[in-house]
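Across the two complexes that follow, subunit A remains constant while its partner is subunit B and subsequently subunit C.
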Partner chain A sequence: MSLSRPGERGSDRLRSAVARLRAGGVRTVRIARWELTRSVETVDRRTAVALLVVLLLAGSGGLVAVDRGIGLEDGIYRAGVVDDGPYAEVAAGSDRFVVVETAPDEFRRGEADVDLLVTSTGELVPADTETGRAAAGAYREAVEDHNEALMSLESDPAAAYPVLVTVEYRPRVSFDGEGTPAGGESTSDGDDGTSAGEESTSDGEGKPAEEESTSDGDDGPSTDDASLGVPDVGGGLEGTDRPNSPGALSPPFPFESLVLAFLFVVPMNVVIQAYGSTILDERIGRRGELLLVSPASPGEIVLGKSLPYALGLVAIVVVIAAAIGGGPISVAATVPLALAFLSATFVGAMLARSFKELTFVTVAISVGLTTYVFVPAVFADVTPIALVSPLTLVVWELSGDPVAIGQYLFSTAPFYLGSAVCVLFGLGLYREEDMFAQKPVPAKALDALSVRLGGYPSVAVLPVLLLPFVFGAQLLAVSLLFVVPEAVALPTLILIAAAIEELAKSVGVYAGFARSRFEPSLGLAAVLGTLSGVGFFLGEKLTHAVQFVGLRELFVGQVVFGPELAGGPALLAALVFAPLVLHVLTAAVAAIGASRGRAGYAVGLCLATLLHAAYNLGVITLVA
Partner chain B sequence: MSRDRREGADGSASARARWALVRRELASLRSEKTILLAISIQLFIAGFSSFLVVGLVAMYDPAGVEEYELEVAVTGEDRDALVAVAEDRPELSARSVDRGTATEAFEAGGVAAVLDANRDGDGRLVVRVTAPEGGLETTLLIVQLRETLETVEHTERVERADRLENPPLDPPDGGQASPYVEFTYTVLLPLLLFLPAFVSGSIAVDSTSEERRRGTLELLCVGPPSLGDVVEAKLLAAAVLAPLQAALWLSLLVANGIAVANVTALVLLVAGLAALVVSAGVSVALFASDRREAQLLYSGGLVAALVVAALFPQHPANVIARLAVGAPTATTWLLVSAICVAGIGAVLALRAGVRRLGPEGL
Partner chain C sequence: MIDVEGLRKEYGEFTAVVDSTFAVDRGEVFGVVGPNGAGKTTTLKILAGLIEPTAGTARIAGRQPADPATQRELGFLPEESPLYEEMTAVGYLEFFADLYDVPRERAAERIGATLDRLELDHRDRRIGNMSKGMKRKVAIARALVNDPEVVIFDEPASGLDPLTTNYVVEFTRELAAEGTTVLFSAHNLFHVESVCDRIVIMAEGEIVARGTIEGIRERHGGTEYHVLATVDAGDGIVDDGVYRHVLGGMAEVDRLRTAVERDGGEVIDIRTHTPSLEEIFLEVAGRQGSEA
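Now for the complex of A and B:
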């Protein structure tokens, strides 16, 4: 062609690219529509009616159950009573106890089959068993409940509720920061811009109505307060400043928000069951081959098949958010979660050999992801580690706390990236030799990895792709070990973190050797190990965005993300390059092991993990 | 040759065929390592729920943080009642101070909270608590304060006993209740015993709908075994796994020093439950048009059944708890036998239904 028309050729290329893209889009939409209509058509009238019956049953049963309670603890203790005194009445009135008329002598001889003896004076004699002691505790609670029930019937509220409590939560003003907070006015709520003075006095049920009037009337104490520097919340908030009886005190635990946040996860677990089925369906009886030989690319097919489910989940998320009073943050936080559920299920359905296996794979995904998002959210009010879960953002939004963009990125980025990588690996398997073959799961997983191995650069890229999972797995470990005593948690965590990182670095190299992409020689293994070590090191530097959320304040956080960089330039350089050397060294060890087959890989991986853990331990003891 | 005669003539052949089918089902579970995955998922769920309960209880339990003593400052006109009660509590020490000192100490972190106690016009004790915002310490503090203030409340009530129609009872000295006991028997054990049965049902649904999907169910029926034999084999293979797993969990619990009573009855109950759930699963898979619907119907049905079971005099989970803790009543035994009978009934009903259906009805 002549040289005078490069521009035209460029625009031609652009036009044909646009045309290709459009054709691809049309095919994707067509597949999506087909998936949708087929799903609707297979639900025949019989099944629809059966589902309706099931729903009705559950609904009506649920109404009754809510009314009566499930009664899991009913009748699990046997209480021996002597006569019909008031204390025997308490046992008879409690659901937990089965009451048995028992003579004290009989009990002392050990002949009575009861967990607990209640004497007529209210003395408790528990049997010498775990259950006996638990029964004594439960009985004490029953007496307290009984007292509360009695008091709610009394006509003299001042005698029935003689103690009234209000709690005010206030951030501590640092001493040298704002001067001595002696004057009550200077520490009044809201000065610091934080949400101070959230009144947590739960509205006590069954409390007499006169409470409000007494709280208004107690001028004496409230004037005292003003001079004390414990400020009254002010006239505008009087409704929430109502004193209550001590029993109504509850710790600031966002239980309700947590349950509401959990609502988002439930439909995802249901939808992925159907989604997994439809993906696996393509692979049964070579049905997917027809689509595979069509002009549509695997990417278009998968996108088209997934689109209805993804859009459906987004719609469900929006509806739930609207129903529970969440805003855009709730939606934005849970959509990546939905993507993670779908993409993990996609990979699972590509790996599974049968419906049975798929069920367990999807259940494993459900359990794993649900744990991952639920456990950290439990600590939403307690520690910044809670940000690991996007559900924490939902909890925060529901309880009116602000969410910063950095916090959003921190908690959702692993989900976005992880979903993308899952799709990438799943697509690698969307080819004839993997879709319709009955290969074991690990073999297929190796296939998925080795498909992504082109030349040497790809060896360095693979560990970076796996980083979101490394990140996620380590964070899960941190939040699971959060409550364990530090003496146990630290060594365990160091070992787990090292093992996860070493696995991520070496599994690609192993896949390459196992699928004969590389010659299993010592020299090449060392080169590949170095490459993957360098790649991982560079990728890991990305995770230093973690610093922004202050996760390092936690000691356990340091174990995973390395200690705070501080000190002179020499130390700084050492702290930057020492990990590089470490990653390269351990990756090479594992890679050399990987070149010697499966057993060799196992040995190499263990060695690398131990080396890595020893290094981390050394650094921590050096710095801390 | 009529079907009946053939069955009568070589019943042993049919039994052998059935046995081969059972082995085939179990072998497929073994080769896919599905059962290992199932067991590890159950372990994870059990471990996770225990972790949640133990972890959360440890967080709120004052006994769990022994060396940890919370110090609060008490101010106001009527601090004596509070200070006196706090003195009896080892986890909480109260310092009676004037207001300025209290505020300073609070700001400096010297005390965990400031309690301001005053009497109002009716003689009630009004306590204003100032606590630091957020954090684990606040949670612990509130739990501690609630118990202390409840004791104060009780003392005050007793002082006003003449103004009450029914004076409150003195709470007995019961020692510390262990929340783990109740959790173990009422949540963990029912969970561990239900899960194997539900997993077996799910296996049956998948196995049946996959054979239908692949068309191998018809193929099997061309050979000597009838459709009834095939279905029964699937049922047996799936249902047998549940009581085995249940026995495994029970022995694990016992090995960990948790006393479990009526083990035989519990395993029998799981067997009955599994027979019930698995026959329901197979019927659903034969009824629904594909696996998506079958699983949806099956899991929806399970949830519905669990909810509806709340209408029983004792919920099945409660039946398990009562049996395991060793406090079964006559109703408990009645329900155990009812579930076992229902399981046998479901198997028989499914068999009759499949006979009527025949391979043509698939």
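Now for the complex of A and C:
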């Protein structure tokens, strides 16, 4: 008989768990190393070198284009000049002109190969062609640019610009967790900038007002990183210490920062093609069967195969961040995006039946995720909706704006959670019966869901797992529809939001019935629907995170996430428990439909959506 | 070593394996035979830990097949075993040895020895550039790279030429002689007959016959006596003026001989015929099919 204390047993278990974890880690690394070697071996050296050269050319070309423009019009017109006087200088100073010394007689006889003639007196004579007339227009623009340049060189700005107008761009208002503006400092900077401008005008030093009023003025890359044009608010004004003409003014739109942020997404789209192929490759011709009978678990296999791609993407993200002047925030914001790309591709590759289908899947993922992150980021300086996209955090960092931890979590949590859930569902399919079966995509999706149904509690957990997607889909709907007139956006959003939630609540129950996990009785369907509704209600409370960024201030935000709660205890209680009743009722309706088969489920889901939409409309009308 | 009890596998409405029960002793070569769709491969995959049964249990050395400890002691050669064609044979085998936690030196030694036994040359050639027979040998070597106690061979000679096929059968016999427990499935019943100690015959998911090959022959076939006579003494089949009577035992032969003589005829020849496993299989599996 052995004597052992409970503590010893516990420590033994811990040691055993650590040993298992370590062994699993070792196997994962071995698979990752093998995946890397195998992937490299599928590409011969010449192809690899050619790919590298193409990537370098594309990368450097892109950066040069951002820095200097694409230069498509360089040297497209030939300007004939009589001598090297000031008018010839204008043409010579413009990229669009090639200057050729031409005698006026020669031009009149049509013997000169030029698009226009500039005489020594400044007379402009275009050739009688379309190109000639276009060249004349281009020359007039060149004259304006030339004059701007000359004025900017004037030592006394007041002499060059007799009238100075101070343009003040108000700094973007950041929202903290309370939904109140957190840009106090920025606002005062703006004020300072204005007063500085006023002073400069009066003391004659010509200190431009815009220099400080259009930037945060203290720590942003507005002045430090002008080489790549990263600072952006105020268009062409940034980075200069001179006044500008009205033509140089542009609205505050972070275009260049947005373009630079978008650079992160491009390699992700490329990498997922390779990653999707390697996952599907295991399934084609049952190649992965032998890995499944090894001591490595499906989790270790998937993690091992994914690791090289995940690490590669992180490396790419770090390099791009360094190249465009981004920092840790840019990296931290785009890593979850990379994880979302990879995990969505993993699920897609587990669902696809062929490389052809995989192409459709990866394109759908590319378009979906790119839209999700790009569209909201366009409004980085306009509305809190922009925080839906992690690229907004990159834009803010590039623009020198601070990012609060709450904002980071709001922006990236759906990506982290969504990625985790994708991996969980994908792993459910990483077994012989699903990996090598030629089932249609919806059938496999139902398999992936039904694998996670282990008993009654799992019915309540499943809709909670789907919440990141519900949240993401609803945020995307808000992002796409908030610019649409409310008369159209409101009913559309009410229906979309209700449909998304009802689908999330009921699809697991339907999967359970479809895969014979449950007896299709009406009583059991009502019980399962109740469980699903309660689970969803509890999980939905997590979405109160939207309060932190003030999304509910927008009308469309209220439509989707409900209005902010205010009023007496009775009203508050009603507003808390009414959704519980709603979720249970509609989930039960959809579940009862699901127990009757596919057509029954479609009817039940529609009915549940309509009930839910009617409830939302009622609440909005009553409270908002 | 292997215990299967009431094993059942359903795919929706279709039942692939119907309540199978059998046991395999340590060091035995056990055959699983049957026509296509009989449930052989499903049974073997359940034992390999690839598929979960709907009901019943399968144990290897007392453990679940999917238990990592079981997997470490198991070698599985599926009917189709596509390899990673961009890898070399040695690189491929080293990777799997790594996965089975075989120490590097031991792995190199074992890989070398196994490939020697399998007479596989060009070990550093990419698998994609190898012939089908060479690829199958690599697949067999992979199944043995962890020095398993139990080997499951599903159609090991599938698609191979007769020479390589004989080689694989011989190799299986050698493994058994070394004490490895082998579960063997093949369509070619001659190979099963020559290598297996005991077999089960499956048809439509059910085990329809089991035991040693001799025992099955006794039960389902037995020896036939073909008596050729100049007259028909009952149910004779005429062929070129001679009547052939197929009888099941010597007592029947004696009775027939008396009847022939009584009718004024003559017994020309008595031949014995022992049915092959294939004939028994066709009879048993065919009977099962017609009953269904």
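Basically, the second predicted complex is superposed on the first by the 423 of 624 C-alpha atoms of A that agree within 3 Å, B and C clash if a C-alpha of one lies under 4 Å from a C-alpha of the other, contacts with A are read in each partner's own complex, and residues count from 1 in each chain.
Just so we're on the same page, contacts are C-beta pairs under 8 Å (C-beta built on N, C-alpha and C of every residue); 3 or more make two chains touch, one makes a residue touch a chain.
Everything quoted here is computed from the prediction, not taken from an experiment.
Novice: For A:Glu432, is the partner it touches subunit B (first), subunit C (second), both, or none of the two (neither)?
Specialist: second
Novice: Figure out whether A:Asp105 sits in contact with subunit B (first) or subunit C (second), or with both, or with neither.
Specialist: A:Asp105 contacts neither subunit B nor subunit C.
Novice: Name the contact category of A:Glu73: first (subunit B only), second (subunit C only), both, or neither.
Specialist: first
Novice: Can you tell me whether subunit B or subunit C touches more residues on subunit A?
Specialist: Per-residue touch count on subunit A favours B.
Novice: Which partner does A:Tyr87 contact after superposing on A: first (subunit B), second (subunit C), both, neither?
Specialist: After superposing on A, A:Tyr87 lies in contact with subunit B but is clear of subunit C.
Novice: Just subunit B (first), just subunit C (second), both, or neither: which does A:Gly285 touch?
Specialist: A:Gly285 sits against subunit B and subunit C alike.
Novice: Which partner does A:Asp128 reach: the first (subunit B), the second (subunit C), both, or neither?
Specialist: neither
Novice: Per the contact definition in the header, classify A:Val165: touching subunit B only (first), subunit C only (second), both, or neither.
Specialist: Touch partner of A:Val165: subunit B, not subunit C.
Novice: Name the residues of subunit A shared by its contacts with subunit B and its contacts with subunit C.
Specialist: Residues common to the subunit A contacts of subunit C and of subunit B are 42, 285, listed in rising order.
Novice: Using the touch definition up top, name the residues of subunit C that touch subunit A in the complex.
Specialist: Residue positions touching the partner: 12, 45, 48-51, 68, 71-72, 74, 76, 78, 80-84, 86-87, 91, 95-96, 98-101, 142.
Novice: Applying the document's contact rule, which stretches of subunit A touch subunit C when the two form their complex?
Specialist: Answer in residue numbers: 23, 27, 30-31, 34, 37-38, 41-42, 285-287, 289-297, 431-433, 516.
Novice: For subunit A, which residues are in contact with subunit B within the complex?
Specialist: Of all residues in subunit A, those touching subunit B are 39, 42-44, 46-47, 50-51, 54-55, 57-58, 61-62, 64-65, 68-78, 86-87, 90, 98, 115, 118, 122-124, 126, 129-131, 133-134, 136-141, 143-144, 146-147, 150-151, 153-156, 158-173, 175, 180-182, 194, 196, 198, 214, 217-218, 220-221, 224-225, 227-230, 243, 245-247, 249-253, 270, 273-274, 277-278, 281, 284-285, 353-361, 363-364, 367, 371, 375, 378, 381-383, 480, 482-483.
Novice: Quick check on the complex: what are the subunit B residues that touch subunit A?
Specialist: My answer: residues 28-29, 32, 34, 37-38, 41, 44-45, 48, 51-52, 55-56, 58-60, 75-77, 99-100, 102-104, 106-109, 114, 116, 118, 120-136, 138-139, 142-143, 145-146, 149-150, 152-154, 156-157, 159-160, 163-166, 168-178, 181-182, 185-187, 190, 202-203, 206-207, 209-210, 213-215, 259, 287-293, 295-297, 299-301, 303-304, 307-311, 314-315, 317-318, 321-322, 325-327, 329.
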